[in-house]
Structure formats: structure tokens, C-alpha cells
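Read from first to last, the chains carry the letters A, B, C and D; within each, the first residue is number 1.
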């Protein structure tokens, strides 16, 4: 109504507005000096290296199996990325895979049609996600503690439900379809479509919607977010439910891919998921990160694994390489920050005034959201 | 000992004498390290290009990437002890489609050319039950079974066979509980403790996996109150069990020679790639120092009867 | 990880606060007693037999040690996920020292195990403190790296009980006045660390750092030194945990300690250490670890089917955190109501 | 030389990369004096303080302490040399007790090598008593009021025997009585021969307390004046480079229909039976002492805090409880009192901060893309003349005043019908303050209803159409502009309600 603020007069609006640069760093710096770019570059370099030095790497089968093997992680990391951006964490996803696998297997075993059984499992996953969410938001418990507890709980239920039975005998049309290439000779399996669709969905939600703005705001400062009309607890609750849904859908997929429902399905996936996300430049303190980065982190690990496996190297070395890559990625960022801090403090003073508000990383940027 | 990088060479001269990838349940597992040692020895004798790769964990699909690699690098044969027979099946089928011969050992899967069985399921069940019933005598009593992973297909088969056997032939014995030690020392120890304390009049524990039997023996040797009351037997590695056998806590336990298992699997793989055998019943082949073997029903080759260890021989083995 | 812990403004005096803190520990003690009582009523042997009594008291020692280190790290607002891998390396290192140098003095081996742990912790600490990267990322990396090194190094080998000198193996079962010597040693360590954390400057500084890292920087508390100290302590305690593991189980392969990291965090949290740092007591942590270890000790004895044990552990972990929270909130509410009434 | 200054800084320079925070700073502090440093937001005062405190190292220039050149590498060295700094943000450790906070890093030990808690408790009690504010030494620092935190900080600096005590805007969060108390303590310290550096944006305090005033502008030294011979106008001129003629540019606005109607709002233990109305074009001020519960009332109205009973209506429509989102949809905007924790995401860019509250409005078909949000951010930053370099500059890089402008911009961008502003000019320099006042007044002129909370009486007097005085959670007086004198307001704020009716 009358609050037409445009009528407020201020001196030299146009002039001042023109003074602000859009970005404090040049385009190439912004594009190149970011984790996503570095990781994507690393993937490309690694693939080039592997193609030239590792026999058989160039075959489509390599990429087909690489995507197949990493599909569960690539799917699960999507909602967990959002959770980590709000500053929470969900360590129970691996157990939710097992849980959903158990529900799915038992439902199928009980004669429920496959799609319905899958539906039951996904709904079950949503419910356990809701349980996590309620404990974290309504009760106010720290998510790390809660999901360490439910990690044991959901896994325990899965193992308890299935016991020593492994439910197999899923229709082979379905299991074969899942592992089949998109078309004959294609370097990607069917599940690639699902990954891409779900990833685009999450990327759009996170980066292009008001909801996604809220997600970032919660991670940057949940108090400020609440004061800005972000429904903080509702958002966090939704994310935990989403995580449960996606993890349980992954559980159904995993069960079908390997045609086996057992209680230990998805064991240890949680740390792989977190590793991929963190490698992809998502800040574990919340507030920073992207779907692209997290996915790239997952793909980099998958590519590394594939390269080493094809080179005949066993899992012991692979696990050292994975750990070292993770440390290396943050160490490089740390050292780069250190050097640029040193270099800039030696650089000459450009000018006072507006120029002096050039952004530099805060040397003591202690996680602010504690 | 593990993960010898065989990369380039494996690929290039795969066309030569033959090449074999052995995939154990996991790296760093004593039992499989022993079987891999036997496999390596056989491969050396045969001049095979040999590699041993595998996961460090025992997740159901953890072995899959290594099967894929074997397919891609043009291995002639794979010898695998599957953690989860169903989960690796699709990829093993793909391997067979690609012309790779698949030998399952230790644990059977549906998608293989041949299965090298350490001993028949019935043989193992019979062996362990016989040891136990002989000890218990006609009086019989309550016993418990302490197994490893709840999803280990071979262990479950043995447990089932033992249960059936006891029901059929030993009415004097009752099985009170089947517990699982999950292949983890601490859990197996606690499970053994749980069984001994919670089952009154427990007379014996049969532990058909190496971790469980070792930890059951361990708990027993730590706890004199149960010594002489609870009798423990199972399938164990002599190197791990020696202490308990010498000290008298354990009298007898069984196993086969895991090195021989790997050795036999390698000869079978070679015979398959050479075309000497196809895996059908009645095929015959010679496995070096182990002598001649015949493929039995369902493409199964049995290493031999279970070997029983006691005070007199337990020190003679290195595995 | 941000935890929006809306800790209500405490009105009070020490006595009130003290009561809350004590309630936490009292609560744990009550839960432990309840668990032991319940188990002993069903299976008297759990408590009233040599073996039961000994296991009850000595099984928790490993978890107590690594949980203590984890707690110190969490108190500084960090986390250490590499403790399980460190424990494994230290246990195997000690075992192979015994086997390669027969007759080597036991104290020397113990020292080496602790030093190896401390060194691995030092690597964590230096990376975290000097590169200012989140400890969760660094220790997740070293969780893999240390484990990979363990598998690569240990490979097919395993510690045979015959490697260990009899004196060392007897540590595991030795009792003094009916109490396992291991527990006595660990109890002394708990007392020492507890005293250190409450009564020495460095201990208080560790709390201060976790309580408000920005203020610690402004204050010149030496955050780097403190961070490194915490990780070294955690590494050393994990190393000691490995030695105790060796004494109890007299065995060990490359998979020892897998998954301990989350148990250690769970024990610290159940013991009342706030995951955001700055608060929690060492006594609480020791009790929390004792509680968790006793659960996995007691469930098999209670005859709970193996397959359902893990879910009960999960329920109890969640339940313990939940209960603690509810007790906390109701106490604050009650105090507030009292405050407004007057 | 027989008379050396306690502390001397000459030609001190400090750059952060391309940012020159200090260019040529000068400061000469004598023992037994209180020295004010003032300047616009971003003039470099806090940076100077941090150099003195050893948090930053200067790039160039001389730094003498007692005539000796010093170069601190960390805050510990500065502390050891007798310098105590009380930073803009209190820096207590919330989980430690008050006594422990006082003794962090130098706790006394007993004979047995344990902390001597009895001694710490005793000394804490003595110190806080001496400062006139007894605080329980055993309580956790978490939950102490800002004023009490300030007292603990001062006690800390006294107990270490500092000879130089620097206070960076210590009064920003305090109310009149607490400021008086603080000034009393400062004078006491001065009379003990200590040198004090006092930073404040409030001229009345500076003139009442300080002996010398050093003015800074854009990181450089401008002038040092003796308080006795200079005037407020002169100082302002030195600070801003021009004179600020009207600090409270209250415009006449047409007061219209009620916009916000609050009835019988009660939250047990916090506020009781609060009823008031704000009309369009009207500026209503909630006055009172710090801790009277004004912020809580505002937060309950906006929905961030719950309340037990009562009702809130906007333009006749009931505002749902505990839903800021709903309140915003009904046209309420809220500039909270703690801009660092509640107003801004400190590590996010200016643009993201300004557009956070309007993210739903910016969306087209549910999606937001950067080109849509840039114009709003640019316009509002420019209208408020935020001193910054680029739209993605992190909020934490801005000086306090500029941060406050960003928060204002963020809420003005929502085009509210009712804007609640809690301490809108806390920590803001005179020039900007006048700017903010003009802006709020213009806003009222366009028909926006304003509910303002301020602890500064002149601001209340200068801006309000109506003053509601809050005391211990109750509205104890409603004073129209004409009768709202400082005396009346203070009386109502400190006396039981039956007197002020």
C-alpha cells in the first residue's frame, strides 16, 4: 500500500549503485579458483591419464561399471549434501539402505507385487527419516549424535528382520534392466538417467528456489535464518525425510541391482557419502557447497577406484589413496589460503575508499554456526 | 602380501599361458591369505599369470569391481570366495559370457563353472557333530552353535546341515541357540560369554568359523569355571588354536588345509581354461601334488574329508 | 556441524548447575546398575561368577580409553574419526615388536604403542591446527589412510598369542582384590585425566577453546597448541587402547577397531559431552563408555538373539541422549518456574 | 625525557591485502587519563585497538610502550606488557564459570597443584564488588547480561594489573544506568593512574568521560583535541569532513489508521499484559532500561519467540503465533538488535543478505536466478550508501555501521507496512546515524508504521511520535511526543507503575 519505499530520496543513488562491482573477483578467478572446478579438472586429468596409461580404461565398459558401482553413493549424497549445507549431518543413510532392503525384500517375499513392495520400502525410509528429523528438530538433539544412534538402530532392525535369510529371486527382467547399458555399447547404465534426474531436481531446489536459499541461510546462521522468515525446523525436518526417502529408494535399487536383500546391504555407505560430499567442497560447517561439487567428489572417488582397480591394485592401497585425496584436497585449499593471505598482505595498498573493501578471506573464520 | 600390482603385464600377455585372478572374501583375512598362498604356489607351478585382489570389507557388492576388472583385463579365469553369492552373480555371469572361467571356492554361487568345496556340507556337519556327540556320549545334553556372519552362505549351510543331522540322529542333543560373532574378535568373545553364561547346563559349543571357535576357546581359557564343563569345537586355524589345544582347554577341532583349497582351485581353473574339463559331472583332472580329482554332481569338486586336529598334530601346520 | 542447542539461560548458582551435571552422571550410574541388576537377576553368573565379574569390569576398558581421547577432542570443538585405525596400528605394532624382538622389555613396548598413537594423533592435530580445516574432514581422511596402511602393512599376518610374553598376556586376566588390574589402570588414567581437565590450566584452556574459539584466539590461549594437544592425547589414548586390546584378546589383524570411532563418539555424547564443545566431564564419559560397553556385554548374556542386539544398542543410545535431554529441559523448566514465582 | 607517555603510536599502517584499514594512525596515551578515539564506522578504530592488543601486527610505524619500542606477536605478549583490551564483542567463555573466566590462562594453583578455586572465587567476589556489581563467581558465564559481561571483562583487566585498558565501544549495548556505572569505574581506574582508551559513537559519553579526543577518518589520524577546549561540532566536522546539522530529522507524517494492534500480550516471566497500537505513518518508541523486555515483546510480535496469551493483529488480520514467515506476509519487517547473530549471515555476500528476506518475492514461477536478485541488492545498498566494494563482499568484512545498513536494506527491501527496529543505531557513527534517522522518518512519511526500540534517550525524544515506557515486562507509561521528556521517561522506566499513570 502506501509503503512505496521508492519515494525515499537519497543522494546520488545511481552514482553509488554504479560503483558496486557485481563480484569482488574477476570471472576467471571465480570460475577457476573453486573446489568444483578443481575436482572436475582432476577428474578429466585422471581420465586422460588413465586412458593413456591404464590398459582397457578407454572401453565403454569401464564407465558403465564405474557408474553402476557408484550409483548408490551418487544418489544418496544428494539429499545429504543439503543436510550438510544446513550444518546438520545424517550418518544413518547406509543403515536406511539396509532397512529399506529388508522391507522391500520381505514385502516381495510375502507376495506383494514388486512396485508396491518398492513403494512400501520407500515410505518406510521416509518414516525413519522423519524419526531422525523429529529427534533433531522437535526434541533438539544434535544430528551427529542422533544419527550415530539410528545408524545402529536401523541396521539392527534390518539385520534382525532378515536374520540369516537372503531374499533373492527378484525378476531377472528387472535386475537385468537395471544393470543394462542405456543402449548397446553405451558407456552408461540405465540408472544414469535416474541419477541425472534426481541430481537436477536437487540442484534446482538448492540453487534456484527460495527453499534452497533457506537451506543455505540455515547453515550460515540458523538464528539469522529464523529472523528472516525461514522455517528453520521445518526445512531441516523436510531434508531428513528427503534423505530417508532417497536412501530407501537407493536401497530398493541396490537390492535389485544385486538381486539380493540382506540386512548388511549398504554397510559403511555413510562415510563414503560424507567423503564424497566433503571432497566436493561442501563445508562441513554448513552454508557452503553445491550439488555439482558433491557429485563431482563422488565421481572423482569412483574414477580413482576404477583406475586403481584396473591397474590391478587392491583395496588396501585404494583406501589409502581415498584418504590421501581427501586430506590433499583440504590441505591444498588450506595452503592456497595461507599463501594468498601472505601474498596479499605484502601487496601494495591500492587505495582507500571503496577500493579498500575488497574481500579477503577472514583469517580467523571460525565456524560461525555453533 | 596382498595387492601385487600386476596391471600392465596381466593385460598384455593374458593370451599366453593363462591368467588367474583370485578374489578372496576380503584382504587381510588369515584363512584366505592361506588359501591365496596355495593358489599362488599352484599358479607358479603352472606358469600362470596370477593376481590376488579384493576388497578390504565384506559388503555384499564389494567384490563386484574386482570381477569387472578381471573381465576387462582379459583374465582367463577367476577364482572367487563370494561374500554374497547372489550379489556377485550378475557380474560373474557377465564374466562367463566374456569367456572367463569362474571357479567358486569356499562358498558356492549359482553363476560358476565349478565349485571347489573344502569338504561337503554333509561331511563338515557330520564331522563336527560326530566330534561333539562322541564327547557328550549317550547322555547328550544342551549345546549351542556360534557362527560367524549371519549372511555367510557356507556357514549357514553347515549350521542347517548340523541342525538337521542332530534332529535326525541325535535326539539326546538339543541345540539351545545359534549365535553370531560377526567375524569380529570382540563380538565373538562376548557372544561366547553370553552363551556360556545364559544357557544353564551348556555342554558344548560348535563354532564352524575360525574367528568364533578361536574366541570361544579364548573365553574358555580365560574362565576356568567353565573349563571341563563346556566343550568347544569347530573349524579353526591350527596356528590360532595351538595355544588352547596345548593348554588343554580345547581337545579337538577340524579344518582342511586352506592352502590346499587355493591350490586345488587354481588347478581346476587351469583345467577349465585348457579345456581339459568343462565342469560337468565326471570330468577328471590332476591337481599337482594333490593328485587326481573328479568333478561330482552339480559341478562340485571336494577337497577331501575334514581333517581333525588335536594335541598330537596341531603344531605341525603353519596356517 | 551446527547444533542449534538452545541452552536456556541458566538462572543459577553452582549448586543448581552442579545438580544438573551430577544428574547426568548419577543417571548413567543408575542405568548401569539397572542393566547389571537386570542381567544378574536373569543370569546370576553375569555378576556372581569369576568370569562374569571379570568381563563386566574389563571389557569396557578399551572403549573407555578411546572415548576419553575422543571426549578431549570433542571438548575442543573438534572430532577424531581415526581412533579405530590408530588402535589397530598400535596393537599390531606392539605385537610385532614382541615377535621380532623376543625378550624386549614390556614397558618399552607399551611406550612404543602409546608413542605411535601419539604420533598419528600429532599428524591429525598438525593438519587441523595449521591448515584450519575441519577436523571431521582430516580425520575422515586419516581414518582411511591409517586403515589402508594397516592393511598394507599387516596384510596376511596376524598377531599370534604365542608372540606375546606370558607376563603381557596375563595382564588381561590379572586381578587385584578381585578387580581386574586393567580396570584399575584405566581407572587411574580416568582419574588423572579427569583431574587434569578440571584442575590444571591446560585442561581448562581446552574447555575454553571449545566454548568460544574466537575468544580463545583473541585471548591468545594458543589454540593451535591446544588443538594439537587434544589430538595427541586422543592418539595416545587410542594407542593405549590398542595395547589393552592386545592384552585382552591376544590377537589382532588389520580389521581390529573397525567402527570404533562412532562408538567412541557415541560414548562421549552419552556421557554428556556436548558435540559443540566446551562442556562435559571426564567422569561422565567414562561412565558413558562403561554403559555402552556393558550393553554389548550384557545383551548376549541376557540371551537376546544375536540378530536383534544391534537394534537394542541403537535404541539405548538414542534413548540415553533423549532421556538426558528431557531431564535437562524439565529441570530448566522447573527452575524457571521457580524463578518467576519469586 | 623525564615524562614519557604510557603508549605512543606514530605512523601506524595496516593493510589487509588491498584493504588499507589504517594508513597513518597516531595516538599518544598518558597515564591517568581517558583518551577517546572516535571516527566514522570503518575509520579504523577497532583495527588500531587490535594492533595495540597484539592481535594484528602493524605493517609500518612505531609503537612505544613506556617509551620502549614493542612489537607484539600475539595477544599474550601484549597482555604480559600490561595492556588489556575489551573488544567490541565481549569474549567470555560461556561454559566456564565467571571466576574461571577472570583467571583464564593464569589460574592460581594450590600446594597440591590443583586450581585454587577458593582463591579465584574470593578474588572474583572482591573484584566485582569493588566494581559495584556483585556477580556470583560460580555461575556459568553463559546467560550473563551484556552489562555483566562487560563488568567481567573489566574485572579481568583490573585483576591482571593492566596499566593500559582499551575499551572498544563498551557502552554500545548498555543503558543509561549501566553506562553511568561503567563511567564511574573508568574514572576510578583513571584516578588509580591507569591509561584508558575509550571508543564510542556517543558524544555525550565522550565529553562526559574523556580528557582527550583523537579523531580518525578513513584509517588516518585527523586531530587530537582536549575535551575542555573543543566542541561537539568541531569533532563532528573533523570526523565527517562536514557538519551534521540535524541528527534527528523528524519529518511530519500523516498518522493514519492503526496498522499493528497488540492486545494483552503475555509471556510468563518475560512480559505481561502488553497492549498498544501503531498507526501508519507513526513512529512508536519502546523505551526503558536494558532488560526491561522490550526486545522480547518485539520478537513475540514478529513471531520468533512464543507467547502465552494475547493477540497480535496487522491491519485487522490476526498474526499467527511463532511464524515470522506469516508475519512477513502480513507486512511486518524486523531489524533485530544483534545484527551479527540475528540480522546477517556474516560469511555470506551483501547481495545474499539483502535478498534473504525477499526470496519468495524474487522467485519467478518458483525459481530465483541471480539476474533477478542483483537489482534489489544494488538499489538498496546504494540507497543506504553502504561502503563496500562489490555485491558479493562478505558481510563480516564491513564495519559495524555498514553492517547495520545492510540489515536495514534487507528489511526495507521487503517493503513492510510495519517495520520493527530494535536498536537501529547501536554502534553507528553520527553521520550514519543522522542518515538512518532521516531514512526512518522518510519511511514514516510514506505511511509505514514504525515500532522502534532504543536505549538512547535523545534518539527516543528525537524520533518518537509516541513513547511507550517498558519496565519489568509491563508498559508503565504512554507519553505523547509533547510530554515525553527525558525526566518523564526515566521516571517511568525506573518507578513502579502506579506513580506513572
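One rule holds in what follows: a residue touches a chain if its C-beta (ideal position, glycine included) is under 8 Å from a C-beta of that chain, and two chains touch if they have at least 3 such contacts.
Keep in mind the model is a prediction, meaning the values are calculated, not measured.
Asks: Quick check: more C-beta contact pairs at A-C or at C-D?
Replies: By number of C-beta pairs in contact, A-C is the larger.
Asks: Quick check: how many Å separate the C-alpha centres of chain A and chain C?
Replies: A distance of 30 Å separates the two centres.
Asks: With chain centres taken as the means of their Cα atoms, state the distance from chain C to chain D in Å.
Replies: It comes to 43 Å between the two C-alpha centres.
Asks: Need the CA-centroid distance for the pair chain A / chain D, whole Å please.
Replies: 39
Asks: Based only on mean CA positions, could you tell me how far chain B sits from chain D in angstrom?
Replies: The answer is 73 Å.
Asks: Going by the touch rule set out above, which residues of chain A reach two or more other chains?
Replies: 159, 163-164, 223, 263, 315-317, 319, 365
Asks: I need the residues of chain D touching at least two other chains; which ones are they?
Replies: Not one residue in chain D touches at least two other chains.
Asks: By the touch rule stated above, which residues of chain C touch at least two different other chains?
Replies: Residues 147-148, 151-152, 155, 214, 217, 254, 305, 307 of chain C touch two or more partner chains.
Asks: Let me make sure I understand the interfaces: which chain pairs count as touching?
Replies: A-B, A-C, A-D, B-C, C-D
Asks: Which residues of chain A touch chain D in their complex?
Replies: 1-5, 7-11, 13-14, 16-17, 19-24, 204, 208-210, 213-214, 216-217, 220-221, 223-231, 287-288, 341, 344-345, 347, 349-360, 362, 365, 368
Asks: Given the complex with chain D, which residues does chain C contribute to the contact?
Replies: On the chain C side, the touching residues are 7, 9-14, 17, 195, 198-201, 204-205, 207-208, 210-212, 214-222, 278-279, 336, 339-340.
Asks: Chain C touches which residues of chain D in the complex?
Replies: Within the complex, chain D touches chain C at residues 53-55, 74-79, 87, 91-97, 100, 104-107, 113-115, 136, 138-140, 142-143, 268-269.
Asks: Write out the stretch or stretches of chain B touching chain C in their complex.
Replies: 1-3, 26-30, 33-34, 36-37, 56, 150, 177-180, 184-187, 189-191, 193-199, 214-215, 218-219, 222-226, 239-240, 242-243
Asks: Looking at the complex, which residues from chain A come into contact with chain B?
Replies: Residue list for chain A touching chain B: 54-56, 59, 61-62, 65, 69, 159, 163-164, 166, 168, 175-176, 179, 254, 257-260, 262-268, 305-306, 309-317, 319.
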